[in-house]
Amino acid sequence: MIVEMRRGVTTDEVDGVVQRAESLGLNVQLNLGTDKTVVAILGSNTGQLSTDIFAVLPGVESITRIMKPYKLASREFKAEDSLVSVSGIEIGSDRIVVMAGPCAVESEEQLAKAAKVVKEAGACILRGGAFKPRTSPFSFQGMKKAGLELLGRIKEQFGIPVITEVVDPHDVSLVSKYADILQIGSRNMQNYPLLTDVGRNKRPVVLKRGFSCTVTEWLTAADYLLLEGNTQVILCERGIRTFEDSTRFSLDISSIPVIKRFSHLPNFN
Amino acid sequence: MIVEMRRGVTTDEVDGVVQRAESLGLNVQLNLGTDKTVVAILGSNTGQLSTDIFAVLPGVESITRIMKPYKLASREFKAEDSLVSVSGIEIGSDRIVVMAGPCAVESEEQLAKAAKVVKEAGACILRGGAFKPRTSPFSFQGMKKAGLELLGRIKEQFGIPVITEVVDPHDVSLVSKYADILQIGSRNMQNYPLLTDVGRNKRPVVLKRGFSCTVTEWLTAADYLLLEGNTQVILCERGIRTFEDSTRFSLDISSIPVIKRFSHLPNFN
Amino acid sequence: MIVEMRRGVTTDEVDGVVQRAESLGLNVQLNLGTDKTVVAILGSNTGQLSTDIFAVLPGVESITRIMKPYKLASREFKAEDSLVSVSGIEIGSDRIVVMAGPCAVESEEQLAKAAKVVKEAGACILRGGAFKPRTSPFSFQGMKKAGLELLGRIKEQFGIPVITEVVDPHDVSLVSKYADILQIGSRNMQNYPLLTDVGRNKRPVVLKRGFSCTVTEWLTAADYLLLEGNTQVILCERGIRTFEDSTRFSLDISSIPVIKRFSHLPNFN
Amino acid sequence: MIVEMRRGVTTDEVDGVVQRAESLGLNVQLNLGTDKTVVAILGSNTGQLSTDIFAVLPGVESITRIMKPYKLASREFKAEDSLVSVSGIEIGSDRIVVMAGPCAVESEEQLAKAAKVVKEAGACILRGGAFKPRTSPFSFQGMKKAGLELLGRIKEQFGIPVITEVVDPHDVSLVSKYADILQIGSRNMQNYPLLTDVGRNKRPVVLKRGFSCTVTEWLTAADYLLLEGNTQVILCERGIRTFEDSTRFSLDISSIPVIKRFSHLPNFN
């Protein structure tokens, strides 16, 4: 349920709505826009609640129910585009931001070379995997901590922020010591313990689309991050699984306008 | 690489193969059959190794490379069907085993009623979710620990083993205190930290097929469990995501004979 | 729009409804059940028509709108199961009918051998393709007319009815001279000129499911046959295209109960 | 089998290859490039033929087998890009060609208005359906011949070429009297009798991708047109069927570079 407050609402009036919601055991998220304040009232049974409970409170302008399963990622909660700022680089504005680099971090030499090429080619964020989720347990699983340390060194040396994947809830705080952006891979889009831990961490995070998840499921997964207070969420369309076998995945380019229409979150592919 | 030892091989001869593999930094798994012993030699670069390294060792009969990405789940490693035994119930034999029960554990009354109905109908394992991975963070996430305790009580009272899902690596030991079978849900089929922790735990485990994963990926995910030493793995086909929208998922019945042909693991749907 | 007539309705009363519909430029199909008569009133704009137009006519009991896109194939139009009779073999009853034979008719010897094996194994209808729709124009396209003649001879000799595919509207009358059942292949499920011509022909017809068509589209395609007056339609689930590549197609077994629930047409897989 | 002739080959030498192929019952297609002449030797059993049969003939430079199922649409047969010219507009060059217009032709007024808007917006080909293949037989099937006549009038009046769909082999010559480009719709991509008739017709043709066909199947369908001598084939990617339901189809943008790499045919989406 979305409670829009009147322009010029007082802090006390907003608090009144928040306290009413919390007294009912509901979860609350605030969007303090420059123009107006929006209170999202969240819970598994808000559908059964009468809107009157909040409509009568001082300072309330209007109440709408969000019919979509995602709430905090929706334009109803936040109409204006969100921007995510990483070392002064704004993601979600008109500027095209390219993140590039090797799939896996393999050596200092390899990473330094990649950083050089990537910078010269105009990309401004270096990517490289230290933890690699691999289909087979017998494949190389990444350099892990040593790979993170390499990323840290190269980042200092080349002055370029880095993005790297986190796959295990146990590793979130370790990875965020080195990464400017945490990456959640396609196979983990619906790994809720991981999403919850990354949501608590507050580092900017790229949420890759699950390779067989709908746009709706993707935005609803983003709600797990947003609910924990991490508002720096970037969506990444990386291709979906289809019957076509001449490419490894099919980039779902049509999802971009769908996301732009229904969500305020920045996205790229 | 699969090393088949001669009939009547000695322990020393098997050890010789194991030690040679370990000296090369490779992982080893043994299948001690009644007839013959098979040594699987595993690692990311076994493809580049010459088979001669092992062929010359005493007691070795033949060496084959497994061309499929899954190794321990394959018939090449273990030709005969595997059986999983849960409180005296054999899964994987000719007997049809039905596991039934509610999606989520909600109350003692509900669970007791379900246990009664399930037993009377001829099912022999009770299922019920205490931890529920939900698409939306605003949906009921399950009774968690209280739900596990309920499962524990009902199991004693009705004398029926229980299966319940584990979604977070942090919860594996807690859940296995109450569950006779751990269930890994469709969305977690490629959650490797979870697979690794469940593999170390040794409780029988049902690995549900990822709703958009191929049979090959599924068997390769089973290798994560098997590699950690958990050999009590049961596969569960639960339907795949397709374009058809009159059913929530499409049961891929054709996958059953494929699995039976290529894997020794018991499976059901 | 489905007009159910009262029990004991007169022919004049039914004619009254039919004439009213035809005067509005609508299409009419009758289901003369043993119990009651149902008139389907069909057209692209029946959704805008008031049901009162027919409700006031003598003999009318009730009027319902069919919300599904398929009408004549629906249980609303015909509640009881349809049976198709082929040389005394009833398809759609409790008896299991097996149709078997080679993909393509290649020679008299091959077909005679197949007919013998098929009969001995308990199948009661022989299949074999004389016209083969092939992905590549450079593949063997079937024996065509000579293949039909072979089917005709074997059918006489072995006393077994035959089913064979028709792919071109030009060939419908030729093929139906030899075939007891016409087969419409998966790639032609939405080939409307072909469906229309086969619908006019009145031979029993097997409509295979398009390999990427939904159940709803499939039943709506059946309406093309039924609308032309061919009521001997049998549905055949033959597998759908999915991401899984260990089998050529994925048999959508879940579609069977969906069809049984929503359609009166017999089906098999 | 692709026979590349030497530069400066004589007509007699080319004829020698053609006659040798025809004497073996094979089909032949010539690509007379400015630089060199290529002879494609086609048939269902060329895989079993020795290349020596042709290698020894005068004027032959080299022989390669095409391993892909499509032959005439492949770069092996024709390395340089094909261009299709429609009323002086070249399709397949660097110029971006936009075809626009209503789904179905409904009236002269509607079509005239569309033509005006389309021209002003910079599109240079008008599209509009006179024959509409519809999922349901109760939907409007198009104005048919009257719609074609309207297209003919508007085309004269506005001086803009038109593209329109053909769905029935019986209508190919009628439709091509009015259309500058024949369109084969997604559901007919594997309707081989239609492809064969359109291939004989020689009008430029847009072959839309079947909504669940692979790129390989699409190019192989193009071979049906090319084999009959129609070389003016344009490919149109129009979206594939996937699990995603927020858009009607998923545009497979990744298919464009795949086609450009493996085929000489112009394409658009």
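Which chain is which? They are A, B, C and D, in the order written, and residues in each are numbered from 1.
Basically, a residue touches a chain if its C-beta (ideal position, glycine included) is under 8 Å from a C-beta of that chain, and two chains touch if they have at least 3 such contacts.
Predicted, not measured: the structure shown is a model, and the values here were computed from it.
Seen from the C-alpha centroid of subunit C, the farthest chain centroid is that of A.
Checking B-C, A-B or B-D against A-D, more than half of the residue-numbered contact pairs recur only at B-C. As a whole-number value, the distance joining the C-alpha centres of subunit A and subunit C reads 50 Å.
One finds 44 Å separating the Cα centroids of subunit B and subunit C. Averaged C-alpha coordinates give centres for subunit C and subunit D that are 32 Å from one another.
Those residues of subunit C in touch with two or more other chains are numbered 212, 241-243, 245. Interface of subunit D with subunit A (complex): residues 212, 214-216, 239-240, 242-247, 249-255, 258.
Those residues of subunit C whose C-beta lies close enough to touch subunit A in the complex are 212, 241-243, 245. By the touch rule above, subunit D contacts subunit C in their complex via residues 27, 42-44, 46, 69-71, 133-140, 167-170, 187-188, 190-193, 196, 211-212, 217, 220-221, 223-224, 227, 241.
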